[in-house]
Amino acid sequence: MTDVVSFENVGLRYGLGPEVLRDISLNLEAGSFHFLIGASGAGKSSLLRLMYLAQRPSRGLISLFGRDISTVPRRELPALRRRIGVVFQNFRLLPQLSAFDNVALPLRVVGVKQSEIRRHVEELLTWVGLRDHLDAKPATLSGGQQQRVAIARAVISRPKILFADEPTGNVDNQIAARILHLFDELNKLGTTIVIATHNEALIRKTRRPVLHLEDGVVRSAAGDEDAGTPGDDKPAARLATENGRPA
Amino acid sequence: MTDVVSFENVGLRYGLGPEVLRDISLNLEAGSFHFLIGASGAGKSSLLRLMYLAQRPSRGLISLFGRDISTVPRRELPALRRRIGVVFQNFRLLPQLSAFDNVALPLRVVGVKQSEIRRHVEELLTWVGLRDHLDAKPATLSGGQQQRVAIARAVISRPKILFADEPTGNVDNQIAARILHLFDELNKLGTTIVIATHNEALIRKTRRPVLHLEDGVVRSAAGDEDAGTPGDDKPAARLATENGRPA
Amino acid sequence: MAIGRGAIPFGHDDASRFLPWMLAFMVYLAALAVAGLFILADVTDKFDRGIENTLTIQIPVSESVLSDDRKVAAVLARLRRTLGIERADALGRSEVSDLLRPWLGATAASDQLPLPRVIDVTVDRSKGFRAQNVRDALEPIVPGIVIDDHGAWLGDFLRAVRGAEMMAIAVVFLICLITVIMVIFTTRTGLGLHRETIEIMHFVGARDSYVARQFALRFSLMGLKGALIGIALAVPSLLLLSVIAKNSGIGLIPDFDLTTVAWISIGATVPASSLIAMMTARATVIKSLTQMV
Amino acid sequence: MAIGRGAIPFGHDDASRFLPWMLAFMVYLAALAVAGLFILADVTDKFDRGIENTLTIQIPVSESVLSDDRKVAAVLARLRRTLGIERADALGRSEVSDLLRPWLGATAASDQLPLPRVIDVTVDRSKGFRAQNVRDALEPIVPGIVIDDHGAWLGDFLRAVRGAEMMAIAVVFLICLITVIMVIFTTRTGLGLHRETIEIMHFVGARDSYVARQFALRFSLMGLKGALIGIALAVPSLLLLSVIAKNSGIGLIPDFDLTTVAWISIGATVPASSLIAMMTARATVIKSLTQMV
């Protein structure tokens, strides 16, 4: 059983501010599916940023796919990043590109053939209900439409890990369910998934293990004490207490 | 009983695209409080944009405070806009200004005294839980924190009308309740409020009248048939059917 | 309304970090061009009413003094009828012998030596004077007459100098134009970059004039900054050039020392550029704002 | 990887709409400076080995021919010992009378007339020749000796021309420098404006070289565009100047017609500027990217 994400006593502070995350230790097994919850400002996005290499930790050890990321040279980062999909909380679509081109981006940089790009991107955008908006620039899309483009961009290259930060904040329950179904499908194909969210209905519905972030540390799943959904042999996160011993 | 917002057979299309809104007729009474719901891409943000003068309608008549907005000269727009508060779906905070300065902006442009600005802004930001983040730039705030700054900016000048577009998409239920309480307080002081949202829990909890946007027209409140909360003498929106006759 | 703490800081985008330096360069060029203009004007002034408009005519010595006198009278009469001749006077014998002394030594003063007659002529070249016409007219009267046109080469030289003056003026105008264009571009870039800021300002009820004031202030400051840098570089350059010119002893540019008027004109590029920057920015902003929400 | 449809369009920000025009201006100035350089070189070439390095010495007529001969010999002997004198020869009597003919008419040829002796001197000013030294040395030998330094004013003139040449070279260098600075600024502005784009590109797995290529391509195209505009404006300007120069008959600049080499040099500003733009952009981008996530 391999861990695709592993944190050991990781701390993070921005500049000279207080530690936003302190002493995070956790392991996410390949093929696991977790929700990440916590109050606004608890550090969910910060934790995800550490995971998708947008931020270096102030201390501690982070490993991705078994590699200590502090030892990965810059020129090998692109290859690592191609195995990671990210849905940013504020979408971060490229404003000058159409919905189609935004979603095609991860395929373009690895040199996928144009015809194949067209087929895959169109199919995926159709699936999230944007068939009629392929050529629309982000600024002309509604909030929920932008969010769906962001999700499509994150999953188009079938990443090994998917990090989604509040991916359903701008869509109605029906579309939220559809997006969750998409994530489920990916997960069945082996993608490890972490979703930061405030949407409690979503969490209740899926009964997936929950990582609860509070006071800068990850606590055992709140409101869903039986992390790992008992009787389900889905891989789960092995949480560690502050002093690093598995809980 | 005065109508602060009034639409007559309003239609909107972007460029040469299809009509996003067609034949909207509605009246919002002073002091009313409505939710605006509809699927993602239904046109909620577009309808709000028409209301807060960010967009001109393709056809039809829009009146604010009893004035036909197509006849308001450019130089009188600032005075009109000072009576309107807006929470944008994507926040639209000024990245170069601190949370404090963002919230202070509406007071600054009307020349409020510095000391008074400081008192009011600090009080409000403390209330939404951002006492420790007064000097933080938006980029260093979490998604939910940014959203709260955007809300504070919209309400700081005690507007006569408040439009909020998905104001609770990035905060947890506890903060959402707090924000709703803020809106309620404003409403009690006479502010007319329209909130576009996907958050069904919020709507269920408050039992306010609902405007349902579907296929480009506003239908009688869905899931809350008794628009205007019976037994409550709160002013409500009088909806009109497509051909302009009151339903 | 306070402009300091209370104003909306538009932030320091790169485009506006760039402008002061471009303005500095423009002011530098303008200062040099203005200095050049004054120096060139000095050169033309010096030569203008000098040798350029003079002509010396010599009537070769013949057998008899009487015949020479007649020839002089005839030439003078003819000259006075010629277009573009302002004044023509025969030099006296002592003046001619003074001219010849270096050649002939003491003997020049001797009455025995026959001396050529010399006529000093002042011409007005603007009235269509041509040395060749004079030559053609006088040759039949006195064969072998010598016409020495001092202005010929000097005229060429002065025309070149005047051409340079024209160029300097053109350069100054070009610089003003380019400055205006640069400020327009930068303002519009600024408006583009700050479009979001401006829209939000509008939504919270700011007037166009309020927004325009921020931009105009910012650009006049940038203009001032750029101009000060430019002038701070131009003055040492000019002083250095002046020292070089003096040490190399370039006689043609004798008064490289700029006059007070010149220095004031050079200094005037500073307020000029910040004024240009401010007014251009303000006009551009006001025009653009009315097209925004 | 395809650069067309498949490439990431960075969009047309205002900063980059601005750059081609600034580059055009730079290329325009550079082209003019290069042309000026060639014209000035032509002027110096023409005069350099001419009158500038000659000197005429006249020994006034005294009572006896023998005494005159002695004086000439003494002066020549002294001159040949003087630093910087390359050649000194006494003119024969017939040559002197030729020189004086315009002044004295037919009598100059007469044996009766005492003629001054004239010595023609070629000097090498680079070896520290000073007309005043010669004057000081010869005055004791022949009081009243006249030394006519043709090079005096022409030397000044040529020094001025050479100064202008130096200026033109300095201007060309300055222009290159400013172009590099402008491209760096614009690239960094571009990187700033497109920071978000670049970060996202990185997140989706693009390599630095992929991003840098986009920028370098874009900047070399901008450089090329600007250069073509600049040269398209410079060539007519030069032709116009040449026509003006010819019609006004400025003799000092006789060969305003530029040589083929000159035109090629002017044309070389085009590839030079786009190369400068491309390489500067690429270097700036690579350097900046390694500091980003």
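General remarks:
In this document, chain identifiers A, B, C and D correspond to the written order of the chains, with residue numbering beginning at 1 in each.
Rule of thumb we're sticking to: a residue touches a chain if its C-beta (ideal position, glycine included) is under 8 Å from a C-beta of that chain, and two chains touch if they have at least 3 such contacts.
Here the structure is a predicted model, which means the values were calculated and not measured.
Of all chains, C has its CA centroid at the greatest distance from the CA centroid of chain A.
Centre-to-centre spacing of chain A and chain D amounts to 65 Å, using the average Cα coordinate of each chain. With centres taken as mean Cα positions, chain C sits 70 Å from chain A. Inter-chain spacing, taken between the CA centroids of chain C and chain D, is 20 Å.
Under the contact definition stated at the top, not a single residue of chain D touches 2 or more other chains. Within chain A, contacts with two or more other chains are made by no residue at all. If you draw each protein chain as a dot and join the dots that touch, you get one closed loop, with every dot joined to exactly two others. Interface note: chains touch in the pairs A-B, A-D, B-C, C-D.
Contact residues of chain D toward chain C in the complex are 13-15, 17-18, 21-22, 25, 58, 60-62, 100-107, 113-114, 116, 144, 146, 152-153, 156-157, 159-160, 163, 178, 181-182, 185-186, 188-189, 192-193, 244-245, 248-253.
Of all residues in chain D, only 1-2, 5-6, 8-11, 196-197, 199-208, 210, 290, 293 touch chain A in the complex they form. Residues of chain B touching chain C in their complex: 52-55, 74-75, 77-79, 81-82, 86, 92, 94, 96-97, 105-106, 108-111, 114, 153, 157.
By the touch criterion stated above, chain B contacts chain A in their complex at residues 14, 39-41, 43-46, 89-90, 129, 140-145, 148, 165-166, 169-175, 198, 200-201.
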